[in-house]
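There are two complexes below, and they share chain A, which is joined by chain B in the first and by chain C in the second.
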Partner chain A sequence: MARLSAENRRKAEAIVAVYPERRSALIPLCHLAQGQDGYLTEEAMEDVAELCGVSPAEVRGTASFYDMLHTEPVGRYVIAVCTNIACMLAGAYEVLGHAEERLGIHSGQTTPDGLFTVEEAECLAGCDKAVCVQVNHRFFGPVDEEGFDRLVEDLAEGRLEGTVPPHGVLCRVERSVGLPAEEPAAGPAGGAPARRGGDS
Partner chain B sequence: MSETTGTGELTVTINGKQVVAEPGELIIDVAERSGVYIPRFCYHPRMKPVGMCRMCLVEVSSPRGPSLQPACFVPVADGQEVNTDVDGARKAQEGVLEFLLLNHPLDCPVCDKGGECPLQDQAMSHGPGESRFIEEKRHWAKPIVLGPLTLLDRERCIQCARCTRFAEEIAGEPLIDFFSRGDAIEVATFPDRPFSSYFSGNTVQICPVGALTSAPYRFKSRPWDLEQVETTCTFCGVGCRIVAQSSAGKAVRFLGVDSDPVNHSWLCDRGRYGFEAIHATDRLREPMLRRDGELSPASWNEALREVGAGLRQGLSSQGPTSIGIIGGARLPNEDQYAWSKLARAVIGTDNVDAQLGDGLPAEFVASLPQATIDDACAAKAVILLAGDLHEELPVLHLRLRAAAAHHGLLLVDCSPVPTALSEVAVALAPARPGEAAALMAALVASDDEVPEVPGVSAAAVSAARTVLSGLTGEEIVVVVGRTSVAERPDSLAAAAAALAKGLPGVRFLPALRRANVRGAIDMGLAPGMLPGRVSLDGAREWFESQWGSLPSGRGLDTRAMLEAASAGTLRALVLLGADPLADFPDRELATRALERIPFLVALDTLPSASAQLADVVLPAAGFGERGGTTTNLEGRVTRLAQKVVPPGVARPDWVIAVEIAERLGVDLGFDHLEGIWEEIEQVAPAHRGATVSAVYGQPGDGVVVPVAAVGLPRLAPARLDPMATPGIDSVITQGAPMFAGAAAVGSGGVEESEVIEEGGAAPAELPTESVTPSGPPRPSPLAFDADSWPVPAPPVPDAYSFRLVTRRSLYDHGTLVQASPSLAPLAPSQELRVRPRELDKLGVADGDRVRVRSARGELVLPVAADEAVPAGVALIGLNLAPVDQPGATALLDSDEAAQPVRIETVEG
Partner chain C sequence: MLTDRAPIVSARLGHEDSHTLERYLATGGYEGLRKALSMTPEQVHEEVNAASLLGRGGAGFPAGRKWSMLRKASTTYLVVNGDESEPATFKDHLLIERDPHQIVEGTIITAYAIGAAQAFIFCRGEFALGLERLTQAVNDAYAHGALGPSILGSDFSLDLVVHPGAGAYICGEETALLESLEGKRGFPRIKPPYFPAAIGLYGEPTVVNNVETMSNIPWIVRNGGAAFAALGQGSSTGTRLFALSGHVERPGWYETEMSKTTFRDLIYDPKLGGGVRRGRALKAFIPGGVSAPWFFPEHLDMGLDQDAVGKAGSMLGSGSVVVMDETTCAVRAAWRISRFFHRESCGQCTPCREGAGWIDKILRRIEDGLGREEDLDLLLDACDNIAPGLTWPPRQTTICVLGPSIPSSIVSGIHQFRDEFLLHVKEGGCPMPPDEVRHV
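This part shows the complex of A and B:
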């Protein structure tokens, strides 16, 4: 796990190649690494640093600025509850309080079984769905206390497997950096690399 | 908006006063020049502005009316009106300060910075005086360890990014960065990668609050208990300007002073924290005499009588050529001159050598067409043929790195093993050890006759040639130093000669590692050389007219003296702060010599391995304990100042020279330092014009020798703003003022400092010849003769052997580092580095122990795989073994053009 896999390293090199400056690839590579392990492992940050020609401290410093990047392990499902104005008026703090109680953790923490992390978020741009909740960056809402319980149960029982990928997977990364959707079949692996859908 | 006037200048109005400025200048700088201090935290004049802290907000006119702008980030524009002292600006500044103090712990009474803190000062001068914040402040564990010498108190940090920018932009070692965001933000390292940069202390020096503190100074003193003198660091040949600060008679802190031509206010951590060595517990405090085989304390009188007797006995039995003097690079110029004169005019020997076979030939250094550090940084291209400057001359490394990384200097690194500068080099062509001359000849050959260079790929040669093509000699500076002590110095001289021939007008900056080696050579502490960069034979008549008699012929260098000692033809040897056992690149020869010599005298500050074998040990006053001048590698003479008293009865080396001369019945002719300098200016041809008033009377950047070629500095340098290095202006200065016309001021305000005028240097007005009109003419300093440095025969190739390259390490087992408790543990352990493929061929794995064998000796040590080491080369750290154990020098034969070694597996 920890280091970038050979396949991801290859992707990383291709991503680096599209930028005039190597260090511009820093954020896309962080997403790539997070897609691999669910968070940025130290070893992966070292790899990213080497690939971008910066120091590991700079990778960690940059990553730590962004809420969407995690430098510590998180649960399989990262649940972000918006508590900004629209959601707050719709009862966001009640939902968050309920979530903490139901999962037995404070916001920012992960359940002991490693399944859920709860976070308090600023406006997620889903005000029309207030109270808006994100699970691994997929939107749900409006969510009330009961809705939250159902959501958690569905997640725990794998009923949302098709909708919610494991934490860290951002399907847009590769497209947005202009890589060909399919790589020419080369190397022993053969065929186009499948996007990671499952974590098994 | 920046319309410029015809002259390329523009006019702005600052607080109602018209000021002329250059396009591109920042408001904050122009204001400062006109006497208006704008508060600031993140701005540092030696780094790119970032506009992060907003402390410098001022009102700037614009077509849409006045607006608040950060003065450190906005360049002046013609017709602009700037107001720093109107309600809007004041309110903004007060607001910023109130915000900065929200989470600040206000623990000034227990903070190292208290009393010299820009946050304190500017809170008083520009703050609101009160806070509306009544909530709980943020809490962090404090302090945390960032690196071996640096601690961080995150609560005090105001996120100015001076430290992180220094690490990235200036040092090129971004080991620290901001972590997280908002009020959770902290300066942090990556896990398990401590802030162990050689330049870490600079971040402590420029941190505008007490967030960064240094382990060696922490809680040692308060600013109001400190006194300081301005002096020059003598830990290496760069000669950075510093203030030495002491409290209760003990040196406790050195800070970098901004010397524009030298160190730009930066220091390396060895220079900065080396002050600890001054008060090392084992400093020599009193003379010692060997009685019944044991060294025991004696009075100066007894000791000097013994020295006089020992020398006289040598003189009467085998004449002056049986006496030798090794060392002197530790000494200030005046002391070197005194010893040079004592040797030649009193004892009558030319066996003097300040270098221990680990430098460059003296005639070579003295005659090189010289470049200054500024010349090298301003050149179009620099050819680097030296050891790793990061380890040997750290601040020169910084200057060249900045020039290459940010100002377009083209760097061609030809050092045998890539160095820390290789990263910013545009071409890498590592010369084969011992054969640099062949590579240099290929670099300057005409296009149709580029020879093949053994050991260097044609691609590398052509890449380097491409960089240099189209450049004239005048546009190129060569940084030449001893690449490795496992290779003979004449091969480097030959390499330089090849460049001088092929590139007319090229200049050289000698990378001389030992502190005052340049001074030693200039003062004639080298066989065949006399003070003022002249040769014994060329300047004989002149010096006889000045000094009386001279030795009849050229004397022995260190190696020849050691050989003569081991052969029994040398009767007496004086070690002037030299430790041949540790430093001479042939440990076996040095051991034989010192065991055999009948009479050995050592002048030193610390009991070196060699001093322990001496018959008489004389305690010398060391750095910070005496005045004088020192010469840096570019030939710049700057002042040294005394801050503390020497331990016990230790004396300056020149006083000891005068005393010894007296015991031999001769008056050396001086009784104070300035008197010696007066004589130097009078006698030494290269130093003519460097008058006592120019050298002693002037604070600042010193005088580059030869004055006739370079000129005297016209004006005292302007200083940086007081906030660039907090901690200098809040301390009482003793001795010469640091900047002409500048009294110490607090960092809350600024006094007008002198402005440097264009050009910087004026042609020297040399005093007209008035002395000895009928005597012999004053000789001129040596000129470089490219033909006198033949290429030494390359080593015989041997398919099984590697060529050894030695590399210095900033922290090593040298006496000064080991006498500094904070630095001593940082010396790395000894290892051998070889290319991974060659390790595979040998069947050894990374980390295994191997036996390195040469004709001289062998060493068992761990081996590391290193892709950067060229094929056929084995890299070994120098001076990394504890003194009583053999290190790299045990393998060296100083006769070899390049030391061949074999690597063998170790059983078991």
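This part shows the complex of A and C:
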């Protein structure tokens, strides 16, 4: 835990390589690091900084701006209940209240066993399925009180392992194409993308 | 009037496997690209101009004109905005998950038209499945020869990177999106320059187009700009994917011909919204995302038309309509929308950062029964400090339009439902029933 593993370092270098400037890889690499440890560790942020050519403080300062990036540990399953207007009209605050009671925690907290974090989310763009809930950014909905209980039981008993990876794992499909090393020489007019590759 | 025009961007969505290359190729996929490559970039641009395609992200700026504004330079970038986060908007989410190749094809054609060799699709981070489907689509498009060097045997080459966001509404603002894509906090850039077409990604001229805008491009090239412009009316051409939510029987997405379909059709037609839930009366509806001023029953017969909605004092915005029935508490609705802006303000500009916080807290205390009569004036005063004069379109005191979007729901709520606001104060609590949980 903590430092990027050799496998993730290889993936990180491949991600850096697709951008014209390496700092652009900062957020994708934070997602990668979060996929490894469930949140952003100090050591991983140092690795991201080195790979992007910035200071660790810049990585933390950038990451802290974004809701999805956590610099403190969270549960294996982060359950986000949308309470924005469309979901609120469908009873989202009642569902969120039920969720807090059922898990015995307040929004923003994690259960003592480290399994669940519950969050009040802004609109997740699932308004036709209000009340809309995401678990580790996988969509569920419409969710009512009973539906929430079933969801939590399914998660606790591992019945959704394939659908919902542990927190932090975002995109399980890797880009397999167009990496600079595999590209043939640039063609004529409008040739292969120019890559600057250097530090910004 | 509801017309039975065949859908454009949602044509494929009836298929379970609409996201796969196989289905895409079996339903006319990449034929638009093949045709575009047989034309000059200028001819492709001309077809999009002829279509009069308005940007589908929210501002409704003509796509073809945006492309014309590019500063001449050796490097030009194309960035597709898939950071859909305007509350109650879910049409890009749908297109990203269910028809990613259509976006990829539109992106390739657009890059050809504007002379970009590198494109990006900025996908909202919360769309995990969408990111997987887009990444797979890029892998498959490369294998099909539609991306990479010498596309489909032509001398045009393009690389396309799928870039994940990390949770920030403000990154839907195009200059904040570019900052985020550069690996920084999503702080909107100071204007001028007003358009990234002058100074965009890495300081180079950049076109930023919305996902739904891109999704229309393959059809326009296949069928011609004139065929697209023949749909709709006036400046609102083509079809549009509307996202309907709130207190309706059938919340969902509906692609309808622009302008000719009315709000009444969208909300009440049995094939569309199916009416207000449980036959209740309509109290208000939001015509284009929560940044838009509210509409009321007297607006129902207006067409889904960008100009008409604008003239009536609101906007079609992101194409999302939220229905509120007679049991809805106007204070609670305005509070939840204001709270959203408070949470999502990037914090650069005082009127937005501080104003949103004040408004959130004042509305909350009114809803909780701790409000004062003078709070209504205080709310309007705070709004006036964000967008002086409370006009529509709003005047701006901030770097971007997030701030000036805050007053919409408060001004709508207080003007239309002043008595209901005051009743909260008089009764020392909310007189409306709690929200009912939707059971399915």
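Definition applied: the second predicted complex is superposed on the first by the 171 of 200 C-alpha atoms of A that agree within 3 Å, B and C clash if a C-alpha of one lies under 4 Å from a C-alpha of the other, contacts with A are read in each partner's own complex, and residues count from 1 in each chain.
By definition in this document, a contact is a pair of C-beta atoms (placed from the backbone, for glycine too) under 8 Å apart; a residue touches a chain by one contact, two chains touch by 3 or more.
A quick note: this is a predicted structure, and the numbers were derived from the prediction, not measured.
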item	value
Partner chain(s) touched by A:Ile105 [first = chain B, second = chain C, both, neither]	neither
Contacts of A:Phe65 with chain B and chain C, given as first, second, both or neither	both
Touched partner set for A:Asp128, first chain B, second chain C, both or neither	second
Between chain B and chain C, more extensive residue contact with chain A	C
Which of chain B and chain C A:Leu115 touches, first, second, both or neither	neither
First (chain B), second (chain C), both or neither touched by A:Glu42	first
Contacts of A:Ala57 with chain B and chain C, given as first, second, both or neither	first
Residues of chain A at both interfaces, chain B in one complex, chain C in the other	54, 61-62, 65
Contacting residues of chain C [partner chain A, same complex]	75, 84-90, 92-93, 115, 117-118, 124-129, 131-133, 135-136, 138-139, 142-143, 147-150, 155-159, 161-169, 180-186, 202, 243-247, 251-253, 286, 290, 320, 322, 324, 328, 332-333, 336-337, 340, 343-344, 346, 434-440
Residues of chain A that touch chain B when the two form their complex	42, 45-46, 54-62, 64-65
Residue numbers on chain A that touch chain C, as the complex places them	18-21, 23-28, 30-31, 52, 54, 61-63, 65-69, 83-86, 88-95, 122-131, 134, 136-139, 142, 144-145, 170-178, 183-184, 186-194, 196, 200
Touch list for chain B against partner chain A, complex	168, 173-181, 188-193
